[in-house]
Amino acid sequence: MNPDSQKVWNEANQRANDAAQAQRRRVTVDPITRLEGHGKIDIFLDNQGDVEKAYLQIPELRGFEVFCIGRPAEEMPQITSRICGVCPTAHHMAATKALDDLYQVQPPPTARKIRELVYNAFMLEDHALHVYILGGPDFIVGPDAPKEERNVVGVIQKVGLEVGKKVIGMRRQLRELIAYFGGKVIHPVMGLPGGVSKGLKAEDLPRFKQVAKDGLEFALFTLQVFHDIVLKNPRYVELITSDAYTHRTYYMGQVDEQNQVNFYDGQIRVVDPDGREYARFPAQKYRDFVAEHVEPWSYVKFCYLKPLGWQGFQEGPQSSVYSVAPLARLNVTESMPTPQARQAYQEFYSTLGAKPVHHTLANHWARVVEMICAAERMVELVNDPDITGTDLRCLPTKKPSVGIGAVEAPRGTLFHHFETDARGLIERANLIVATQNNAARIAMSVEKAAKGLIKKGQVTEGLLNMVEMAFRAYDPCFGCATHTLPGHLPLAVSIYDQNHELLKELVQS
Amino acid sequence: MNSSIPQADTWQPRIIAFFCNWCTYTAADLAGVSRLKYAPNVRVIRVMCSGRVDPQFIVQALAQGADGVLLGGCHPGDCHYAEGNYKTLRRFEMLQRTLADLGIDKERIRLEWISASEGDRVKSVINEMTEEVRRLGPLELPDKQRQWDQEMDQIEEAVKASEAEAAHVA
Amino acid sequence: MKPKIAFYWCASCGGCDEAVVDFAEDILGVVEAVDIVMWPVAMDFKKHDVEAMPDKSIVATLLNGAIRTSEQEEMAHLLRRKSQFMIAYGACAHLGGIPGLANEFSREQVIRWVYQDGPTVVNPEATRPQTESQSNGDTLTLPRVWNLVRALDQVVDVDYYIPGCPPTPKITKAAITALLEGKLPPKGSVLAPDVALCEQCSRKSTKPANLSFTEFHRPHQVILDSEKCLLAQGVVCMGAATRGGCEAACPSGNMPCTGCFGPTSRVRDQGSKMLSSLCANLTAKDEKAIRIALDGIPDPVGTFYRYGLAKSMLRRKVNLPADEAVGVKR
């Protein structure tokens, strides 16, 4: 070939190769569903078609911490509950405890027990929802099942209509208990500094004793369902223990003086990836341990362990990422405070291996163990003679200035922090919402699942579900989906080339 | 109402006044009959009692472009309907606080007790308030609300464009 | 063919969707009667599924949540086009809701606190979320957060309103039934009884004909009697200026109403109407005593406009900027 032609040909070839090298393929999942709120996932492929990066983006912001300024502190339980209509009781209770701290008052025993009773009823019904309706279908029906069946209808087909009605009916009864004390179940009103607004009349007690009894039976039944359908299936056990869904991070949860989990009250305990206690602190000291990191591609902030500094979205010995919610709580607790839950907890670890268990999908199982614990606690409380007491309030007398309260929401540790003027009007507020504690790990889980499953540009229905499962295990609450209707994750995957030309579109519907 | 953005040298304060029939309105009449000159910036609305003034009227006046609102009623103890002006006083105090929290200067709403014989007080109150509001500048809430909503225009255009495209494709 | 219904959410807490789930066993009847074509919290229908539907093919969309971002606004417009009836579901879509309280602050104030000044934020580079950002050579996008919170009818044409925070299953069922039977009231109606809440409250008989207040108590300062009218006990109960429909749920929890159903049809600005009624009934007659009594309501905006600030006559704190560049590219 003529040397000039050769040169031209070489240059052109080089340009073409560079263009191919630089070619990026992008897979967008928009929107994610079964979250309260909105989310999308952006997955970027390298030129081999393997996943290079994946991002879980949260595209909304309401600004509660700012618009609480100027509001009377006693309104915080009802205002902050509007952060989430699925777990309003968690915010309500965290804010109420922050008010106790703010006014330096403690509720009388009856009031405290009523709060705990309501709170455990809430944990039980909210967990039940996730197990049967949200996350459950992935296991009860199976990750490979046709997507038309991977929802509550499929669950009912698998376990029977009677069971389906039982779930709906049980939740309704538990929620009626919450509404009895709270006026409404969605955005209850009962929380006051130093007490609760309403007591339990003796003539109403037998009804709630029955609810608690049924609740425990239901929780144990749920464990049986989980056994029969999930644990007896070696494929599922393999899935749960697979590497694609495993992360070695720190774990955080609230425990009592015996280092046993308590959803309502206690100290915050953090263990490291090997299970050793890393920290133990009262809620008031949360700022020494919790910090938030900002990324430009999401409105949600990512929590990490402050003393270790932000080390990026990674796991392992250098990581400062931690996790909360059922799996984390089981990893943090020394044992369960109630007998049948303790048995279930022991079985959990003898099956999955030594503490701590790092398998994200084990959250589903841990959730069922917690259902049993919540139900047993309800039975204890309804049988406590104090529960029908009439001393419900300890009126505040001290001047307010700072109040911090924490609870274990179903989805993790929740911190409410209020600073007020002398009249008790909010001057500053800081809220660490449960899922924020998980935000970094969720992002990592999504990326790891994507990397593990998308190879050579092959995007299939299986991928869609597996990525789905990666975040759904956490039951994220910047979305808490709780619905009884066909719950496929609506995923559309659009594949674009570098010139934004649509190459392929896959829809799961 | 004319809603063009006022120029600094041509803008005149626009004040809405609610005067009670028995006292302040009569005093304003007296001022007129006495040929007392006062600022022309106030539009007077006669009500039977200052207690008739629903705070919604005041808020609506401001929302529709008034720069200030003046209430005139009988001196405490002299209300033609016995208690009406006390209600006015109580409501006024709370409304002023609420509006201040929403960014409206306290001086833009004013409550005065003016008896039927105090024509000269009508003159001095109106003149004072006009100058006070002139100092504060225009409130021009309708324009402000329009400006706030301009941020949506870019979405409107994008929506229209994508709808047109969808219609074209369909 | 079953009528098509859509549910969608904007700046929402999910409580309104949860309220539909609280139909409990009755949900099965709803599923029988209608074809739910969009419900992002529970179903897999995507934006492009809705885009592909013919205009007006959805009988009704029940949209909850306020409008705060560009994405939410786009979806409101899209669903409006595809639906015969657009129904504002819940206090946020109806009035702006509790997120509407953000209208007392500028967007910059919110962004600055959340991403820089908060006590747990560690952000030395002052990173802020961007509508467009680069990472690893790729472009990521986020919707823009608007300066204002808006109710749904400040963005699209709304046919009906179902009020409440959240609406009760009872009024939601009644509304859906009316819709399916074609028995809807005139356009623009609020689908709940047009009476003040006092009418439905079990404490009605203890409400005095002449209420008078020497002072106001904040709920944490007093122990409330569970049977007596709350206003008569000296606490601010918004029930007198609030539409009924919930059958006084909050008073049944022994706490006062906070106004979530919004006003009756006879009131334009719920906040100032309640202010008017409460204050008129003070016993104090001189300025000093009045001021002391009113100190018992230290946060009038949050008390009177808790759910309705976005739809109030002023809509927003008026001296906030119209728009600001907060490091977010257009």
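A, B and C label the chains in the order they appear, each numbered from 1.
What we mean here is this: a contact is a pair of C-beta atoms (placed from the backbone, for glycine too) under 8 Å apart; a residue touches a chain by one contact, two chains touch by 3 or more.
Keep in mind that what you see is a predicted model, and the values were worked out from it rather than measured.
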Discussion item. Tell me the shape of the graph of touching chains, choosing from line, ring, star, complete and other.
Written reply: line
Worksheet item: Which one chain sits nearest the middle, judging by mean Cα positions?
Response: C
Worksheet entry | Selected pair, greater C-beta contact count between B-C and A-C | A-C
Worksheet, complete the sentence: Distance in whole angstrom between the CA centres of chain A and chain B is 51
Worksheet entry | Inter-chain centre distance, chain A versus chain C - centres from mean C-alpha coordinates, in Å | 25
Worksheet item: Using the average of all C-alpha atoms in each chain as its centre, how far is it in Å between chain B and chain C?
Response: 28
Fill in: chain B residues counted as touching two or more neighbouring chains
101
Worksheet entry | Multi-partner residues of chain C (each touching 2 or more other chains) | 104, 301
Worksheet entry | chain A residues counted as touching two or more neighbouring chains | 70
Response to the item:
The chain C residues in contact with chain A across the complex are 9, 11-22, 24-25, 27, 31, 36, 39-49, 68-69, 71-72, 97-99, 101-102, 104-105, 109-111, 113-115, 118-123, 127-130, 133, 135-138, 140, 142-143, 145, 165-166, 218-224, 226, 246, 249-255, 258, 298-299, 301-302, 306
Worksheet item: For the complex, which residues does chain A have touching chain C?
Response: 24, 26, 30-31, 33-38, 42, 44, 52-53, 55, 57, 59-63, 65-67, 69-72, 74-75, 78-79, 82-86, 88, 99, 103, 147, 165, 168-169, 171-172, 175, 179, 181-190, 192-194, 197-198, 286-287, 290-299, 301, 303, 306, 310, 392-393, 395-396, 417, 423-425, 428, 430, 432, 479-492, 507-509
Worksheet item: Across the complex, what residues on chain B touch chain C?
Response: 51, 54-56, 58-60, 62-63, 76, 86-87, 89-91, 93-95, 97-98, 101-104, 139, 141, 144-145, 147-152, 154-155, 158-159, 163, 166
Response to the item:
Within the complex, chain B is touched by chain C residues 51, 70, 73-74, 77-78, 81, 104, 146-148, 154-155, 267-269, 271-273, 275-276, 278-280, 282, 284-287, 290-291, 294, 297, 300-301, 304, 312-320, 322-323, 330
